[in-house]
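Contents: one structure, followed by commentary.
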Amino acid sequence: MTTDSAPLPTHYDRLTRAQVGEIAGEAVLVIPVGATEQHGPNLPLATDHAICEALVTQAVDTGDFARPVVVAPTLAYGHSEHHLAFAAASLRPATFLAVLNDLIRSAVISGFRRVMIVNGHGGNAELIRLAVTEASNEHDGVFAALSYWDAVTEVPGGKYGVFPGHAGKYEASLLMNVRPDLLDPTTEFTAGEPRGQMQSQIGIGGRALVLRTDDWSATGGWTDDPAGSSAEDGEPYRTAIVAGLQDRITAFCAIPIS
Amino acid sequence: MTTDSAPLPTHYDRLTRAQVGEIAGEAVLVIPVGATEQHGPNLPLATDHAICEALVTQAVDTGDFARPVVVAPTLAYGHSEHHLAFAAASLRPATFLAVLNDLIRSAVISGFRRVMIVNGHGGNAELIRLAVTEASNEHDGVFAALSYWDAVTEVPGGKYGVFPGHAGKYEASLLMNVRPDLLDPTTEFTAGEPRGQMQSQIGIGGRALVLRTDDWSATGGWTDDPAGSSAEDGEPYRTAIVAGLQDRITAFCAIPIS
Amino acid sequence: MTTDSAPLPTHYDRLTRAQVGEIAGEAVLVIPVGATEQHGPNLPLATDHAICEALVTQAVDTGDFARPVVVAPTLAYGHSEHHLAFAAASLRPATFLAVLNDLIRSAVISGFRRVMIVNGHGGNAELIRLAVTEASNEHDGVFAALSYWDAVTEVPGGKYGVFPGHAGKYEASLLMNVRPDLLDPTTEFTAGEPRGQMQSQIGIGGRALVLRTDDWSATGGWTDDPAGSSAEDGEPYRTAIVAGLQDRITAFCAIPIS
Amino acid sequence: MTTDSAPLPTHYDRLTRAQVGEIAGEAVLVIPVGATEQHGPNLPLATDHAICEALVTQAVDTGDFARPVVVAPTLAYGHSEHHLAFAAASLRPATFLAVLNDLIRSAVISGFRRVMIVNGHGGNAELIRLAVTEASNEHDGVFAALSYWDAVTEVPGGKYGVFPGHAGKYEASLLMNVRPDLLDPTTEFTAGEPRGQMQSQIGIGGRALVLRTDDWSATGGWTDDPAGSSAEDGEPYRTAIVAGLQDRITAFCAIPIS
Amino acid sequence: MTTDSAPLPTHYDRLTRAQVGEIAGEAVLVIPVGATEQHGPNLPLATDHAICEALVTQAVDTGDFARPVVVAPTLAYGHSEHHLAFAAASLRPATFLAVLNDLIRSAVISGFRRVMIVNGHGGNAELIRLAVTEASNEHDGVFAALSYWDAVTEVPGGKYGVFPGHAGKYEASLLMNVRPDLLDPTTEFTAGEPRGQMQSQIGIGGRALVLRTDDWSATGGWTDDPAGSSAEDGEPYRTAIVAGLQDRITAFCAIPIS
Amino acid sequence: MTTDSAPLPTHYDRLTRAQVGEIAGEAVLVIPVGATEQHGPNLPLATDHAICEALVTQAVDTGDFARPVVVAPTLAYGHSEHHLAFAAASLRPATFLAVLNDLIRSAVISGFRRVMIVNGHGGNAELIRLAVTEASNEHDGVFAALSYWDAVTEVPGGKYGVFPGHAGKYEASLLMNVRPDLLDPTTEFTAGEPRGQMQSQIGIGGRALVLRTDDWSATGGWTDDPAGSSAEDGEPYRTAIVAGLQDRITAFCAIPIS
């Protein structure tokens, strides 16, 4: 949206109520959600929410959209019950869902008709979709849920494929790239290979979800050795995901609402 | 599991408590879930649960598994809030989830350590995964969630691709094939093409979920013209899905539990 | 209701949405609910829901009512917390109640104004009444709750009185009568007399409900020796209950709604 | 229970914690519950809880029991959603049930193993039974639920039968008898006959519960003309119910707990 | 409010529905809430609700207000989870809050627009404020929450300061004053000094709330030696609080509602 | 805590799981909570959470404590139902409380025994206290709740007293001081005086909470004209509150846990 005056901030909470009132009916509100949970022996608990916030902010700040797009404060806490045996600040599923429901409801009451949740933590994947489903049944508007790794289907130059993994090379590299302050690039990774694969990785074929109790504990809590990660290796991911998010937001802007 | 005596029934509720006690620790309990909701102008409300029950029953009854596999009574009611504008018997998300939680909890208390939910309705997809996630955090065992169309990645001979759609050629053909009693094969389909595509079909690229309020009502409530459906066209789907389910159950039987 | 055209199916889920729309405002929707739980050493877990479904289906299919009467899919799961020490698939009270609330709410949104819950399991008795109470406070219409044994006040020719008992002669005989496929009539009953009476049977006089923790476990889980049961002994019960249900439905049809 | 020292108070809340500790393991805790709701044009909102408290207190204070019996503070608020169109202080069903669950749980934690709920309001009837059912599944002990009119099966000399009715001759007479301070015996009753019978009184035969939306409003909110009520007419009821309650408590005391 | 006819009762539940209808729109409804919980070795469990009820009743009965003021039945049960290790009848926080929400909602539906909760138990202090907050967001009217000790800022002649303490001299003296029937004035107090101060008394400076697990158990469950308490010492408190409550109600009556 | 090695980060989520494991048993976890809500015509929605985070971070980073003190990610969303008529991202009371309960529970499972919630929004004041109360009843440890303005009882040099107000001179000045990036110091304040005082400011004497529906809307949503605010005027507040928080944390560190 081009205006002659100075552009409004892209952070929702930097707006005044008057500015919200001005744009809400036309704008897109993006809500980043992550987690605060163990990421193996070397990565910080912030990994998921820090990456998600960085990617969303870059996508919005560098994008050129047909509508105002504002980013809500990142919800740094997600559903991490499966990491509590190590260390986590976890919201139970019903709590996390209630938070999303309330935030969408608030946005609608405050005038928004387009809300998109962008997620950075595997444990939230079903819950964001559920929140959007409930929203579409209870409020007027259009609602989207997207885990950031689902914004891309290929990552040119990416060394680790598209699947994120947990606390391994992929996440370490991306974190080093987007939030170098959170992990010294000279960190010596002591994790090594995990003790085994989780059943959820092995699977049973098809797209079934399979979970075995305490699989996370049994295998150590990370999916692959983060040693050798680098900010450089994270770059193709950052580039692809930011572009992917921009494409998704652009398409979201284009959906007509009667 | 080979025994000399006559095989036990494959329906969980045909067992006596003694038979349950005999097998629960080793067996797999499969819980089929569906929906009772509008399926366009010509298909019955039973479509989803009837198809799911038929496929699961065939898979279990004709399969050869390393463990006893028993099928619980089909939950004919699912999350169908988005169909209430037409006609549906819908459980709200929290209710449907509570039912699954309770059934898994009951199974665990009754001695089972392997529970698989097989779903036949799109509106339940996230909820079955969530139930299995909660189960793995609260109970000992191994738990799986699978929508039946996720049991296959290709359908040799299938005319309509892999995606199920709603109340169109795919579902009509499969229903005619597995439950011919529910739809006279001479039915004249009056639905015609739907008034448009739902936003959830159009999407915004990537694997984002996008839902617009009242999209189901706006487009009429079905995804493609069911005219021309036939039991024959349903056969490749039946064959592929039954085999796919059997493969998934076989793999599920093989997961070691400490 | 007499029409010239072929009668609609009596199973709610065999209707199309158009057929639902045609009749809902005038029709009665009957929802059978049961349980999946231990029934002593010899009867199957299905006993309660199988009997209830059979009786309701017979009553509706052979009745002649002033309105269309359709039967919803049986809810095979009930409140069976007190049987979990043996084997059961139990919904907690709040879950079971939520299911009933949601089904009635769905029916009302789908156009029904007359809903009757018919129950086949003692553990559900209060909950169906509560669901109907809440319905009458929240929705427009007329709502009824009935355990099938409350449809009769006497059973001419019945050898076991009117009270159903649990997993004894009464239930065994009725099951053999209405669902002979679920229990081989040549079954040798090994249960014998239970180890004692439950406090809920002994009572304290009046119509007080008295429950002692673990009474079910202490006495073995059945109320009287099922040996000697027969399909013939079940016949007077079947006849009386089917007629009783038809009378109740007839009376329910006659209630005026402004 | 006979002791040489002065008897303890029979009101639970007049005890000190030391006195509670002394008796809890052996005693019976009786919890009276009522309602605060409209009782037609002439009776006070207190009718249900005042009658219930009076009857329970008399029964306990004049009874001779094998165990200490103490009466908890009356819960003056019950489930009266169906009277809100007139005037009521109503707890929703889930709230009322939560209160009972919490009170029973508290009693068990405080050492009691015998808890009896005595109810004075029709709208609570299912909920007290449900609370006792849940208690028996979650706590050790023996639990009873009883509406006071279920303590008797006949009332010698009672002019109005056994069924209580609402705000008519029966309740007016009993209130005048047990709580004459709440209603001047010279009150001129202006109610007259109600505008009709509620569907819940007419019924559909058997023991079905039938409720039609707004039936209470439609008929005026009382069941029969209270004119002609008198404290004298209430006396046979008071006598019978107090004796009935004492018999029930005596039987409750006699139940063995392992 | 001056009327020529006899004044209405000041107890809400002594009114008929007609009387409620007459005054509700203009009146103030006061709801006293307390607790049933241990009060050290010598005071009865009733202490909190008995004191609160007595003070509120005196304030209303002897006050001269610009509007009708009626007192609802005292809720004798409060949030006392921290006293369960001794003896208590406690409502969990969510239950207690639900009760208040329901009572306020009922009052509003019954026509009231001014509701004031007066509390006599420390454990309820946040919950009554929360109930009033929710009420103001959900209902039309004006709502107040007040613990009775917050009705005064000084107590002329009071020997124990303004802070109530628990089960010590202050409460014992006030109880002896307002409800002498609950505690024989010749009682020999055996409590003595408590074993220590609770962390919530010591605090960390400022107005922080600090709670250490099992602090109540560790210190014995009372705050100061009740020995030497007397009804005389309670008199300045009674006088000050009754006057304070009257001032608060007077001010509450004066708030304009559009 | 003095260690020879480099100090750990003071942000909880910058720690690795190993670092958490090392300190959790001894450390204090501080959880800042705020709100995202309208702050009059000129201040940004971020005001409450931005101020709270800044003050807590400064207090922890510049303090010298006897234990490790780490700050969890700020919860930027609070209970702001009363601001929804303008613009807010509000969590309902039960949701906000569930979040706090889950975060404390997670912290305890992850090894912490000392958790302090520091709040920056009036609408959360009761809820943080309630969370800490529940924590002390359910978990082992010591728990504190503190709104930052309760960390001080006087503010030397403060021009606006101690009470924070909402979106007036006090908050504007403090925001300009601690987060100058959020509000250009040359902003022209257009708010002016609010249309009136809210009933919650006028009060009824004593410490009663009084809330009138829509008072926020009626008065405009701010408490005093922010014109003339300056970063300089915020300085005495910043200084006093940071010192006050440090004193509270120091005292919290000193509480013995058995």
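Some notes on this structure:
For clarity, chains are labelled A, B, C, D, E and F in written order, and residue numbers in each chain start from 1.
One rule holds for everything that comes next: a contact is a pair of C-beta atoms (placed from the backbone, for glycine too) under 8 Å apart; a residue touches a chain by one contact, two chains touch by 3 or more.
Because the structure is a prediction, the values reported are computed rather than measured.
Counting steps between touching chains, the shortest path from chain D to chain F takes 2.
In terms of their C-alpha centroids, the spacing between chain B and chain E amounts to 56 Å. The centroid of the Cα atoms in chain A and the matching centroid in chain B are 29 Å apart. The residues of chain E that reach two or more other chains are 94, listed in rising order. The ring sequence of chains is given as D, E, F, A, B, C, with chain D as the starting point and chain E next. Considering their complex, residues 11-18, 20-21, 24, 36, 38-46, 49-50, 72-77, 80, 84, 86-92, 94-95, 98-99, 101-103, 106-107, 109-111, 182, 221 of chain B touch chain C. Within the complex formed with chain E, the chain F residues making contact are 81-82, 93-94, 123, 126-127, 129-130, 132-137, 139-147, 150-153, 199, 203-213, 215, 218, 244, 247-248, 251-252, 255, 257-258.
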